[in-house]
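Presented sequentially are two complexes of subunit A, the first with subunit B as partner and the second with subunit C.
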Partner chain A sequence: MSAQFIASLIIMLVMLHVFLGSISYLILLERKVASWIQHRLGPNRTGLPYGAFIPGLPKTLWGLGQPIADAIKNFLKEDFIAPGADRILFILAPGLALIPALVGWIIVPFGGYLHLNGTNLLMGGAPLNIGIIFVLATGSLAVYGVVLGGFASNNKYSFLGGMRATAQMVSYEIPLGMTILTIILMYGTARADYLIEFQAGGVWNIIYQPVLAMMFYICGLAECNRAPFDLAECEQELVGGFHTEYSSMKFALFFMGEYFHMITSAAIFSLLFLGGWDIIPFVKLLPAMGEQTTLVWGIIAVLLKIGVFCGKITFLIFLAMVIRWSLPRFRFDQLMRLAWQSLIPISLMMLIMTGMVVFFGLNRWWLLPGNFLVVGIVYVLMPYLPKGPAVNRRVPLEGSRFCPPVAEA
Partner chain B sequence: MLTLLAQESFSHYGAVAVLIMMAVIFAVANLILTHLLGPQKQGKIKGMTYESGMNPVGSARRRFNVRFYIVAMSFLVFDVEIVFLYPWATVFPSLSEHSDLPIVFLGRMLFFVLTTVIAFVYAWRKGVFRYD
Partner chain C sequence: MFTTLAAGTDSESLAQVAPFLYLIFAAITILSAWMIVISQNIVRMAMYLLFTLGGVAGLYFLMSAEFLAAIQLIVYAGGTLILIVFGVMLTSKNPFIRLQTMLWERCVAIGLGLLLAMLMVIALANTPIKQTGTEAVAQNHDIHTLAITMLSKYLVPFEVAAVLLLVVMIGAAYMARRRA
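The block that comes next holds the complex of A and B.
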């Protein structure tokens, strides 16, 4: 029982409950953002008093009671298992989707270091030395829940959704891993706390590597099955995708897993590229690791760091919601082409470029022109790449009334 | 050294173990609670697979397109490469500049990436990434 274990345990328990509570309110926020973008009111009927009259409190509090009502309703709905379904896998799948999502964020160092009695205590999750790789390991386990859910349902929509989700998550894991690898290569460590300490009070990685940050954000959206990459559950084609046959809390567990993945990917983005708990780049405001402070200022700084971290996470999730409600969905071939024919080659080039900068011992500012050099190379090479046949344009739908006259071969 | 490392790691992984336990308990409790609280009724029409209101045609467990299998195979090529590059990336920036280790390590990485690029180009030319 070291002091670090107790500190990790306290922060972990607090943040777990904060996140679990905030997930239901994130769903409300998502519906509010949707209504804001589509110019309507959104959920606004279920207030916190649930119809009871409390003097001085408005009856409908911007729909703030909606998440709790939804949770109770989910518990009370019938837990239906179709007779054709594989019972064991069907029950196992939502748990398998949720558990890895709940575990991955443990490495995020929310509060930075607190200097106490000559030792440095990490006021965050566990300071694992595999760090970011732990997130990748748990993140890839999330595929199992989705594919088993799709397979066990014995429903064609679910099956297609599960297959699509597998192909998508597997494809976007490669550029995601490569971008993380590039950041590890810059600093020579995979520990999340060290990665933040390197950036804090100095230059954030998004300034060194803007193109890489953009690629990481795209891959993060795709890994969470978020729009515009939500082909696994697109309503127009597949009803609900892999969770078509699910009801009650089992259905809600899939959604909680998805929102927890969003929180995790936003946290990883902010710790890799936005300096974690750092307030503004180039200015040192908060004490770094191992710095002597008074106890009161140290504790205030830890609370500030946690607040800044949560603020960044909230902003990134808000961004993902705005993207979801403003961009149309990709087609499946476009999705796979984006992963295999553009993101993977570009991330390979980024890796080699960063490796060169590290090898020659250059200043990190060389990474910025290096990023744009890679983009330039891509633009120069693009016209010489072999092109596939134009999709969906020259295929005459024979027999349909939209079919142009087909030449006899 | 090794025991020291194990001790340090153990206390760090303690919080992870507690979190995994809590996650499993949370998921299982939710699944059991919703099973107990909700109503239970079965019916012939109700148990039918949902297929947009039509009578379901055949089983859903049938053969699927081989493309998904090929994607999984080409994923393995890259994933193994990334896994092997993680230790390389943590060691590479801290190599001594006065030895010939950096150039050796860079050469190894470039050779390793080259083998993957060959596989990638082969797959591209074969049309693995072409979806129509």
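The block that comes next holds the complex of A and C.
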């Protein structure tokens, strides 16, 4: 057992449990954000002591006991399997939804490096050579839980939800991979720890490539099946989509998978675009790799870095929640058009633009006008591209606002 | 830039746990491959195929061929297999479709399988297998070397594969076009 192995094991165990515990509180945060946006109170009755009184604090503790109560409720509910369901797939699907989410984040170097006995220990999961390509690999497996769950339920609504999720995730994987490829091209490495070291104390990537960052965030939302891309589970059309037939902890596993995906994509976003554990751009506050002075300061720096990383993840998830309660859901053809006619062309051109900047050895600041140039070119070229026949136009029903009644006309 | 400071793949610890993990991944691969053959439900077959591909990817990870493992997951497990599942679900009228095999089909399959097994045994027996340390393997498989090799020494096969994929894509777009 080398020191690196033990360090990786400790960090992975600690972070896994931090995430698993924080998921239930993220659900509480989601409900609080919803109530804040919709101008109501939200869950505020279930306090931690369940009725006991702690002096100096409000008796209900702002609803902080709600997640624990929810978890207990989920464990105690009846675990029902519909008689027509395919039992093996039905039981396996929630696991298949959760497992890819559980392994994706191991490449994230939460704490940077700790200098110990002459070697630099990575305070993160695995220092994989392929780095963020590993995230793409696990992310491409995430669709199986949804599609098999929808299939095994033997329910039309679930099946439709599964189908939608498949088409959506397969489509949005392409621009997601393309944006990651652009970053790999920019720095010439795929290792997550190097990508952060390149950005730390200097210019964050979001300043060089703001449009690319926005596209990555959109694709991340779509990959997590989050609103406004939650067509797989939209309540109004599909009852609940792929998880209609699920109850108890199986349903909870689907939910945990979704939130774990959000945590992973937020972590990848912050390491690609927000400088990872770096506090402020342009200012060097935390020691980079191999710059540590004493062991105590090194450990303090590692803890600070983990805190900053988790803070960025929390902020990005909060942003996703605000988006969920602010934007209406896409229609399915709009969703597909956004991926295939906007995101994929723009990300391809962005890749070519970044490649040219790297090839001619220009200063990285050229990427910033390049980003907007690409969007401008696409905007100018769009009307001249060949168009398919217009389907899904608004149907001019007589009497609707698009077609006034015949008698009046 | 960071080559002198960086911690690479931890080959020492990997060598300690490798035999154990190898058994697990090999068992997953073989068991689920066996389940593909004896299962009759086509969507369950696809799921067992997913486990087989995942097990093979795990074996690649153990051999420090990380890029190959990631590509195995992205292309086969995440791309090809999902299209198979998609196609089966959209085309089958009955969702729990069953596959029945004839006797002669089984005989042909067993014969072909035995032939393939013989071929592999002969090939293995005639190949001198060299024992190398894990460090040498890990260094040869970093993606920088792979990319340089692919775009210099093996440029022609790489481009031919790209052209093949382009042909397939144009063909698919032609087949799926809207007929007037």
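As a convention for this text, the second predicted complex is superposed on the first by the 378 of 409 C-alpha atoms of A that agree within 3 Å, B and C clash if a C-alpha of one lies under 4 Å from a C-alpha of the other, contacts with A are read in each partner's own complex, and residues count from 1 in each chain.
Quick note on the criterion: a residue touches a chain if its C-beta (ideal position, glycine included) is under 8 Å from a C-beta of that chain, and two chains touch if they have at least 3 such contacts.
Everything numeric in this text was worked out from a predicted model, so none of it was measured.
Legend: residue contacts after superposition of the two complexes on their common chain; A:158 is shown touching subunit B, with no touch to subunit C. In the superposed three-chain model, the partner touching more residues of subunit A is B, compared with the other of subunit B and subunit C. By the touch criterion stated above, A:170 is placed in contact with subunit B and with subunit C alike. Judged by the touch definition given at the top, the superposed model places A:137 against subunit C, while subunit B stays out of reach. Look at A:321: by the touch rule set out above, it reaches neither subunit B nor subunit C. Looking at the shared chain after the overlay, A:127 reaches both subunit B and subunit C. Judged by the touch definition given at the top, the superposed model places A:88 against subunit C, while subunit B stays out of reach. Residue contacts after overlaying the shared chain place A:194 against subunit C, while subunit B stays out of touching range. In the superposition on chain A, contact is made by A:119 with subunit C only, not with subunit B.
In the superposition on chain A, contact of A:148 is made with subunit C only, not with subunit B. The contact surfaces that subunit B and subunit C form on subunit A in the two complexes overlap at residues 1-2, 4-5, 8, 127-129, 133-134, 151, 154, 159, 163, 166-167, 170, 173, 189-190, 388-389.
Against subunit C, the residues of subunit A that register as touching in their complex are 1-2, 4-5, 8, 86, 88-89, 92, 113, 119-122, 127-130, 133-134, 136-141, 143-144, 147-148, 151, 154, 159, 162-163, 166-167, 170, 173, 189-191, 193-194, 197, 289-290, 388-389.
The touching residues of subunit A, when paired with subunit B in their complex, are 1-2, 4-5, 8-9, 12, 16, 20, 74-80, 82-84, 91, 94-95, 98-99, 102-103, 106, 125-129, 133-134, 151, 153-159, 163, 166-167, 170-171, 173-174, 177-178, 181, 184-190, 239, 244-245, 248-250, 252-253, 332-333, 336-337, 340-341, 344-345, 348, 351-352, 355, 358-359, 361, 386, 388-389, 391. Within the complex, the subunit B residues that touch subunit A are 9, 11-16, 18-20, 22-24, 26-28, 30-31, 33-35, 37-42, 46-52, 59-61, 64, 67-68, 71-72, 74-75, 78-79, 82, 85-86, 89-94, 97, 102-103, 106, 109-110, 113, 116-117, 120, 124-125, 127-132. By the touch criterion given at the top, residues 1-2, 5-10, 12-13, 16, 41, 43-44, 47, 50, 54, 57, 66-67, 69-71, 73-74, 77-79, 82-83, 85-86, 89-90, 95-96, 138, 141-144, 178 of subunit C touch subunit A in their complex.
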